[in-house]
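Letters A, B and C mark the chains in the order given here, with residues in each chain numbered from 1 onward.
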Amino acid sequence: MVSTVEAVRVERATKASRIFALVAAVSLAALVSLPWWGDAGDMRLIAEMAYYVALAQLWNLLAGYAGLVSVGQQAYVGLGGYMLFYLTGVWNLNVYVAVLLAGPFAGLMAIPVSFAVFRLRGAYFAIGTWVVSEVFALLASLITVLGAGSGLSLTVPILQEISPDRDTRDTLLYLMTLAAALFVVGIVYLLLRSRHGLALTAIRDSEPASASLGVNTFRTKFIVYIATAACTGLIGALIFLQKLRISPEAGFSINDWTVVVIFMVVIGGIGTIEGPFIGMLIYIVLRELLADYGTYYLILLGLIAIVIMLKAPSGLWGWVIQRYNLQLFPVGRRLVPTRSQESAKS
Amino acid sequence: MTLLRTQNLSAFYGDFQALFDINVTVEERETVAIIGANGAGKTTFLRSVAGVLLAAPDAVVFDGQPIGGKQPHDIVRLGIAMVPEGRRLFPSLSVEENLSLGAHSERAGPWNLKRVYELFPRLYELRRLPAPSLSGGQQQMAAIGRALMSNPRLLLCDELSLGLAPVVIRDIYQCLGVITAEGTTVVLVEQDINRALDASARFYCFQEGRLALTAPTKDFDRAALTAAYFGM
Amino acid sequence: MEWLNIFIQGALLGGFYALFAIGLSMSFGIMRLVNIAHGDFIVLAAYVGMIAVQSTGLSPFLSLVIVVPVMFVLGYALQRGLLNFTLNGGLLPPLLVTFGISVIIQNGLLQGFGAYDHRLQEGAIETASLRLPGGIDVGVYPLVVFAVAVLGIGALQLLFYGTRLGRAFRAVSDDADTAELMGIDNRKLYALAFGIAMVFTAIAGVLFGIRTIFDPAAGPIRLILAFEAVIIGGLGSFWGTLIGGMVLGIAQAVGAAINPNWQILAGHVAFLVILILRPSGLFPRTRD
């Protein structure tokens, strides 16, 4: 007895994702036009949300998909920032050029780093990346041309290269950050949609199994690590372009660039693209609500992260997926029967 | 009296169901064999009895008490011991340390180091060596001895003959005969059907997680067994 | 003789790092748990010592009588009540939960004690020194710490290789599932192991608090130093951790001799070099 196989096609989008795409487009239009209806404070907040989302998506790509749990990504934030200040301040490069070079520089530095840290696995890999970041911070604090312990400041002439007018400058910086964040999220999304993304998901689910299917796990992880470092460096340059000052402590701060980012991803939902957005929103809301309570909100974040890890390890969005099977950023593949076969029944 | 009874025992690995409503009884002092092809659910059955896999409370009854859902270490204390598939001796421990560890539950009974060495004299000579340096057959003896050290009322043996030469398997089953002569109840999971049937009074044949056939080993229909084994 | 002096100072410093590292080494060896909050527990122990000293008037050494049991109970409860539940979910839960604990401890200490520096005062022993043949001065305190490290590791070896409990620890470390089948209650064993690890952490914390000023943020660097000592020495060997600590200490002493600002950096560089050349460390023993 032979059964016939119906012709199928692969469909990527879901109904929810189509609706979401519409909502996202509208929101994006609103955000891009913000300089014309919001003030400088609004722009700073949205820019902060934007770069946190970008950092969170990148960390999620590393940890949630490639299985590389790094507690040292702050190294590349600092490297990107320092490269911006160094290229503009010491080599007098145009500020835009410096921003564009910061990312690739961070990516380049990630190559020798990976030789060291890829020898470690799991939690030891995590601490190893942390050590590397500490090394960079220490080096920055010892090198005089980088300002040693006190760091560097962006001089007025450099800022004026963006625009001599303060308001225009704010607008341009805001739009640059928004663009960079969109770029990063876009790259992550496209990567996960592609067959490399499928390879990553396979590696995440089972490294030996995916290796036996022909996935070059080392090379895939290596490429993801370098690319993530480069993007993180780009974001770092933009962060410190806004802050106007960099120091070893600020540039390589694990609290600012890693702790917060990890919490966003974990609470929002690790291994999903939607998760970091949700986590970032929750973090910002909590921070605004608890602004008067000093370090209590960090303690609360810590508690929430612990509870989520024990009760809902896939985070809030993971819970939503399990309950409602929603996917807003379509990265999956579904088999759908083609219409022509429906009529051919015997 | 019935020492072990499973009632509609089902087992799952996540969403995958490995056992479907298994009903098995083992009388005290009996040796019962469980046979079946790979993936039939034999090891899953033993793991469910031992508590490694979660079972419904009434699904496993030992000496009249429901033990389903209990922790493995509690089940050992009640008198069930396992000789795991592949021996699973502790590599960092010497042979004697492995045996002594078997007595961790401190159950009273006839088995102690001296008696285990009497049963397996070769182990006495090797007792200070690290467990991995033993041959397959010696490791199997050590694994059995380790299980005996907890003075079990029920011994679960998973694939004793796995990876061993026929001569060695014969020796092991001879020792098993001594153990059962002492009165220990044994459930034997085996791929080597003839060995299993020789050593036991009754057998159960599993097929894809279901009970396909049960009969006394002295008197059964060969054709029926073949059909049950291969699911025809 | 200058180099001999550097060597000795560094080696004695290694005793410190070994003490930092033992707790980490134990919890990884037995439970495969890497405790990101490990350094913060060391600092927490120093603060507990400070409270004990302030409220009882005992000297820091004697305050260990209070600090050790407190930390043991804390460790046992934490493992039994929280960390045991993270062990079966893969890599992320233990890492992120201990990360969360780290953040909570640091900020809790900050909230409770402020960002100020503290130090435990033990008195004359802190600056006393001994003259060795050859004209080399060694501090009595570093010698004491080194001796404590050696005694501690010796005691741990005795526990692991000479007692029933230690045998159970080794079995669980080898094969936790089969250990359960032998009648071992893994959950209790893990809690006990973590409690014992906390005993060493408590001792390390108080001894460290006497020697160095500490503040709530002092945890992470301690974790890194402990981690480096464990990796250099090789996973799974306690004496290896001592050697690893000594190698780290000597590297730091050499760096400091060239330029005091280079001390910590020299240690990191030595760690990275060894990691690249000999990834499993000098005396590895654990199989994974």
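The rule is simple: a contact is a pair of C-beta atoms (placed from the backbone, for glycine too) under 8 Å apart; a residue touches a chain by one contact, two chains touch by 3 or more.
Values in this document were obtained by computation on a predicted structure and should not be read as measured data.
Graph distance from chain B to chain C, where chains that touch are one step apart, equals 1. Located most centrally within the structure is C, per distance between chain CA means and the overall CA mean. By C-beta pair count, the most extensively touching chains are A-C. When chain centres are set by their Cα atoms, the one at the greatest distance from chain C is B. Centroids built from CA atoms put chain C at 43 Å from chain B. Per-chain CA centroids place chain A at a distance of 52 Å from chain B. Separation between the centroids of chain A and chain C, computed from CA atoms only, is 34 Å. For chain C in complex with chain A, the residues that touch the partner chain are 34, 36, 82, 85-86, 89, 91-97, 99-104, 107-108, 110-111, 220-221, 223-224, 227-228, 231, 261-262, 264-265, 268-269, 271-272, 275-276, 279.
Per the touch definition, chain B reaches chain C in the complex via residues 50, 52, 71-73, 76-77, 81-82, 84, 88, 90-93, 97, 100-102, 104-105, 146, 150.
Chain contact summary for the complex, chain C toward chain B: residues 164, 167-168, 170-171, 173-175, 177-186, 287. Taken in their complex, chain A has these residues touching chain C: 63, 67, 69, 71, 115-116, 119-120, 122-124, 126-128, 130-132, 134-135, 138-139, 141-142, 254, 259, 262, 266, 270, 294-296, 298-299, 301-303, 305-306, 309-310, 313.
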